[in-house]
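Next up: some structures, all given as structure tokens.
In what follows, subunit A forms one complex with subunit B and a second complex with subunit C.
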Partner chain A sequence: MESRLINDLKKIVGEQNILTSKEDLLCYAYDATPGFSHMPEAVVSPADTDEVSRVLILANNEKIPVYPRGSGTNLSAGTVPTKGGIVLLMTRFNKIIEVDDANLVAIAEPGVIVAELNKAVEEFGLIYPPDPGTVTTATLGGTVSENAGGLRGLKYGVSKHYVMGLEVVLADGSILKTGGKNVKDVAGYDLTKLFTGAEGTLGVITRIIVKLVPAPEAKKSMMAIFSNLDNAGKAIAAIIASKVIPATLEILDNATIRTVEDYAKVGLPIEAEAVLLIEVDGIPEVVEKEAAKVTEVLKANHADKIQVAQDAAERDKIWAARRAALPALAKLRPTTFTEDATVPRSKVPDMIRAVNQAAAKYNVTIGTFGHAGDGNLHPTIVCDLRDKAEMERVYQAMDEIFTTAIRLGGTLSGEHGIGLGKLKYMEDQFGAVGIRTMRTIKKALDPNCILNPGKLVGEC
Partner chain B sequence: MNKDKQLLADIEDAIANCMKCGNCMEVCPVYKEIQSEAAVARGKISLIEAVLSGNAQITEGFDARMAMCVSCKACAAKCPCGVKADELILRGRQAAVKARGLNPIKKKIFKLLANRTLFDLALRMAGLFGPLQMKKLPGHLAVVARFPLPGLDRRRVLAPFASTPLRSQFPETMPIEKPRMKVAFFTGCTINYVYTDIGRAVINVLKANDAEITMPARQHCCGTPVYMAGDVELAKIFAKHNIETFERAHADYIVAACGSCAEAFKIEYPELFDDDPELQARAKKLAVKTYEISEFLVDIVKFRKDKLGPINAAVTMHDPCHMARGIKVTTQPRAILAAIPGVSFIEMKEPARCCGAGGSFSLVHYEVARKINDRKIADIAATAADTVATSCGSCRMHIIDGLVQNGKTQDCVHVVQLLAKAYEAGKVSTPAK
Partner chain C sequence: MESRLINDLKKIVGEQNILTSKEDLLCYAYDATPGFSHMPEAVVSPADTDEVSRVLILANNEKIPVYPRGSGTNLSAGTVPTKGGIVLLMTRFNKIIEVDDANLVAIAEPGVIVAELNKAVEEFGLIYPPDPGTVTTATLGGTVSENAGGLRGLKYGVSKHYVMGLEVVLADGSILKTGGKNVKDVAGYDLTKLFTGAEGTLGVITRIIVKLVPAPEAKKSMMAIFSNLDNAGKAIAAIIASKVIPATLEILDNATIRTVEDYAKVGLPIEAEAVLLIEVDGIPEVVEKEAAKVTEVLKANHADKIQVAQDAAERDKIWAARRAALPALAKLRPTTFTEDATVPRSKVPDMIRAVNQAAAKYNVTIGTFGHAGDGNLHPTIVCDLRDKAEMERVYQAMDEIFTTAIRLGGTLSGEHGIGLGKLKYMEDQFGAVGIRTMRTIKKALDPNCILNPGKLVGEC
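Showing the complex of A and B:
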């Protein structure tokens, strides 16, 4: 980048809030997605909306790419600065502006860590439900932009179900305000939803109004072991059909069970085809009733063994298996891809089988675990990025996994977003008209294509 | 491939295991203050990767970023992939030393360190003439500089150098009647030259438990400071010297009153001699009989509780990084405090979070170290304890600095000092039988 532009940026954010040395830039060349890396030309940390606006005016005039970024924990290469330019680091936007318990709403800046927001609302007996695995590191702005989900997605949904309003700086530097504290608000296009999950391609989020919900008074966890995958699948559908919506309904497949057991020795039977981990939450009486119902359904669907946690320690023990899933798989090989192909929940066994077939066909190691209740699976491919031949097979297996998900009526992403990682399958899911519509929106809002260019909708 | 890069190539596989998930960002005390990716493990690992792939050189900037780490091991403890980032960062520092040499100030200090006699003389002189330069602060074992010192922040609160080092205050061996065991005390530099009060407490406590003590006179710095700075060759010289010295002591056990010193004997020395099986075997022999003092008293000695008198203190505890994540000794110091009559123990929030001292880190990066420490002081203040117990001289000094800077009146002592005090109180309340 020309020194003239660097100087202009320094004038906007102050000299100490811009990084240009090679050593620093190398540290912003990646996010948590394997296989994508590109150095930016400058890392700029604005302090307020006005500074963001001025940076965007400059970038728009000069046609410099801008990559908004929080903690960079995302799994779709959404924050990799593939065309150089500016990484717009939003971590200085770290204030929780208001917790309005009368309206069950919080207003926060995008750089707030999600777990910090939850800590702040906890004292009001409230929670902000989206809880991605990286909740203690990820920023609110990042999770809103990626439309992140989490373990509680089945009952509580993903980020977009909680975003009520936004302040967004558009590509030309103008400042847009959407939504508000109103529970019922049907006026106009839903711009709030449009920018939620836009992965930074349409604007830079500078303020977020989120919906909060009462913290559940009680929780009950249980684990069921199945020697037959289909029975596990039937149990998943039957639990929901019995009108119980668990907060969490997770599945581990055989490959994951074996790996977890080998690594963490939590007492899982390595011959089992599937383990379901279930948690119901809510009012104590209801929780008891629902837990009993779930147990009944599990038995009716031939669970070999059902364990219901009687206290916090037993609850911890049950979830230890789920927590160990990713680390255990990740330790097998140097590189770990955690995908999030999602299918209607009735198709979970089909999807798991298809993943296993792809693993065998291409001779790659894949463990599948994930949020079975909402059909959001995490086929986790472990490999070595340095082995070109293996990577070739890995990408072929990935192709098969994503095309299968779409064939089963599923979606490319349940919670990680598209970014660059899944760009090539977008047309399969949305069709030519879908992609054209998205690109039209992108072009209308960002005619010079400076915002996170090349991501989500590709070149425009 | 040149030699500097070879050092990094050895760890290429370990580096590849980092999936850049960013979990280290949650626990990194330096990142919390600086908010720059280069401050956190995943950033540093990326820099090492860039050097390996030829995208970057080992520059002054590389060196500076590798130095931005308190070596608290929190990232390694947190990593879902088991990447030992703390060790990889050390390797990065080693490569930097190989490629660019040590920074001139460190070089001078290490040169002094390497010469045991000269080192001893210099620190004794500091003890004798220190009062001219250092002003005593009331209430704490603490001083501040009267005049500016190179490389030292003017505001920084230190401890005075002892006018007589610990090892000169006592005979090399202290025989007792009917000893249960012979213990070799590795004092470490901080206890020998600065916090002799900790050393005296160790001696008294060991005596109260019928241990014959020997403090090998020729013992030298454990080497951790130079190892952490990336100077492995010098660390090996120190290690070899200490191995030889403690072999000659023919003790049943080796005891240190500092997590880092204990870690050096227990973990680092055997690792340092990967390429020298003979010396490695000797290091391992010493490693298995080395204990940190609290660990030793609780696990081995089953320290006497019948002779303990009451101490009225509200105590909270700071776990040094190398205790909590290095040698994993956290329950034993608490067991000691729990045994002392009159002590009310109040756990602080995140007791094992780094206090910011980080060995020489706080000397070079005082501003950042101060900010990290302010969080610790706030956690201490929130407990309403009047005493902070810890197990590391360097932490003690940094915490006292923080207490003074924040206008707090709590004192900070080593766990073993409270125990020694309780034995002392026991003598008063129960006259000799």
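Showing the complex of A and C:
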């Protein structure tokens, strides 16, 4: 980038809020997605909406790519500055502006860490439900832009279900306000939802109004072990069919069970084909009733062993197995790809079997765990990025996994977004008309394609 | 319209599926919104998506306006063919394609009546929650396009919260498929939400995938009478603050109470400033617990009288008052405008007072009732469309009501849409950037502005 432009950027954000040295830029050349990196030309940290607007006006006039970024925890290469230009670091937008408990909403800036927001609303007896694994690191802006989910998605949904309004700076620097505190608001096109999950390709989010919900008074956790995968699949369907919607309904497949047991010695039987981990929440009477119903359904579907946590320590022990899944798998090999291929919940066993077949066919190691209740699985491929021959097989296995998800009526992403990682499958899911429609919207709102170019809709 | 074009349309849909006589066209010149009507040039009833596509290709080439229409029950003049052209009557799209209880979704065509869909899912113990007053007449496509809500909106939301996927024919005739059966689906821009509530201005919906929820096992209804409006307002806020989210939390103001009592003799005290009608639902234990908590909150906030329905007959009696509100008000004068100005719930008393002031200031009769729990009020103006002097005052009162809603942080529409009725206030709510952004999207997707032209975003 010409030094004239660097100087212009310094004038906008102040000299101390721009990084240009090689070692500094290197830290922003990648995110949490293996296999993607590219050096930016400058990292710019604006203080307020006006500064964001002025940076975008400059970037738009000069056609410089701009990549909005929070903590860089995303898993689809959504924040990698693949065409150089400016990483727009939003971490100075770190204020929780308001917790309005009468209207059950909070207003916060995008750089607020999700766990901090939850801490702030907790004293009002409220929660902000989206809880990705990175909740103590990830920013609200990043999770909203990538539509992050988490363990409670089955009952509580993902980020988009909680975003009520946004302030967004558009590519030309103009400032758009969408939505508000109204529970019912159907005026105009749903721009709030359009910019949520747009992965920074349509605008830069500078303020977020989120819906809060009352914290559940009670929780109850259960673990069920299945020697047969199909029975686990039937149990998942039967729980939902029994009209219980657990907060959490997780599955670990055999490869994950073996790895977790080897890593954490939590007492899982390594021959089991599946472990289900379930938590119901709500008011105490409901929790007891639903836990009893779930236990009954698990029994009826031939669970070999069912364990219901009787206290907090037992609850922690149950969830330790789930928490160990990703670190245990990640420890096996140098590189970890955590995917989020998602299918209608009735197709979960088919999907797990297809993943296992792909692992065998391409001779790669894949453990599958994830949010079985909502069909959002995490086939986790462990490998070595430096081994070209292995990586070729890894990418072939990935192709097969995503193609299968789409064939089963699923989607490329349950909660990680598309970014660059899944771009090549987009047309398989959306068809030519779908991609064209998305690109039409992208081009209409960002005619110079400066905002996170090349991501989500590809080149435009 | 030239007879050449009528002949082309006949070739597409068959001679029996096009209306062109004056008396037939007249039936489609208006909808349920007073004060708006215009004759179309043809009413065309396609049988399938392919016919819709061919009609749109023709209309787009010839730049003929097209107005998708269901049962015409909408309250914002969204289906009035104000520029002539083709009314695209979607009532032949009347098939419920699938009820998939394992995945809690249904797939239906847009011409299906909402009550019919509910009947079909009821046998699976499920409900489709949006329940506008017109539920036995309105089509699924119309309610999805206008984002209809209803009495259960506080707990269950409006149509957009249930639309999981769509098939849409775009202006150029291409067929777009969005979303699917996946509970978690964050791939790509949220086109499903963009077309939901777009009032037919971006495409013609030909298939809808909706989310279903388990039917509540039990319900309990309550009525509370307040001599003081502020206390009623405080009670609304206190119920939510007590972490109870009722399915329904309705208010009737004094003008409505007087009118309902005069009309239906249900025993309401005509001096009361407000009546709250509340229903909690869920599993029986929760319902009992929540009903007790609500009663306690009502007492603490100085309700003069509280009545809890002990059986179905008493429940019906309570809801008779609410059901009578609109017909009772409508009976007063020849013309009824039912508006849906919506505010954050903490502002409900301010809003009711502002409506009363507007009624006094402009000497018009307004009864206000509606969904207090979610801030979605229905100020209902009764008047005589033939009285020009009165109508001038009516429109001034409306201006004041909507301006106040926006000033209170509210929105122009909680569940009726914008159409033509509220177009002139759009810039007040969204600002110049908001309107420009919506028009940019409209123009990008419908460059010839053939789809419901002049509605929602105005001229483009």
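Operating definition for what follows: the second predicted complex is superposed on the first by the 460 of 460 C-alpha atoms of A that agree within 3 Å, B and C clash if a C-alpha of one lies under 4 Å from a C-alpha of the other, contacts with A are read in each partner's own complex, and residues count from 1 in each chain.
Here is the rule we use: a residue touches a chain if its C-beta (ideal position, glycine included) is under 8 Å from a C-beta of that chain, and two chains touch if they have at least 3 such contacts.
Predicted model only: the values in this text are computed from it and were never measured.
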| item | value |
| --- | --- |
| Touching partner for A:R4 - first (subunit B), second (subunit C), both, neither | neither |
| First, second, both or neither for A:T335, with subunit B first and subunit C second | first |
| Which superposed partner A:K388 touches (first subunit B, second subunit C, both, neither) | neither |
| Partner chain in contact with A:G72 - subunit B first, subunit C second, else both or neither | first |
| Per-residue contact with subunit A, leading partner among subunit C and subunit B | C |
| Contacts on subunit A seen with subunit B and repeated with subunit C across the two complexes | none |
| Subunit C residues touching subunit A - in the complex, by the definition given at the top | 100-105, 125, 146-147, 149, 153-154, 157-158, 160, 170, 174-178, 180-191, 193-194, 196-198, 202, 214, 237, 240-241, 243, 245, 282-283, 285-286, 289, 342-346, 371, 374-376, 409-418, 422, 426, 429-431, 433-434, 436-438, 440-441, 443-445, 456-457 |
| Sites on subunit A touched by subunit B in the complex | 19, 21-24, 26-34, 45, 71-73, 91-92, 134, 136-138, 326-327, 330-331, 334-336, 384-386 |
| For the subunit B and subunit A complex, residues of the former touching the latter | 13, 16-17, 19-23, 25-26, 35-38, 43, 46-47, 50, 55-56, 59, 61-62, 64-65, 80-82 |
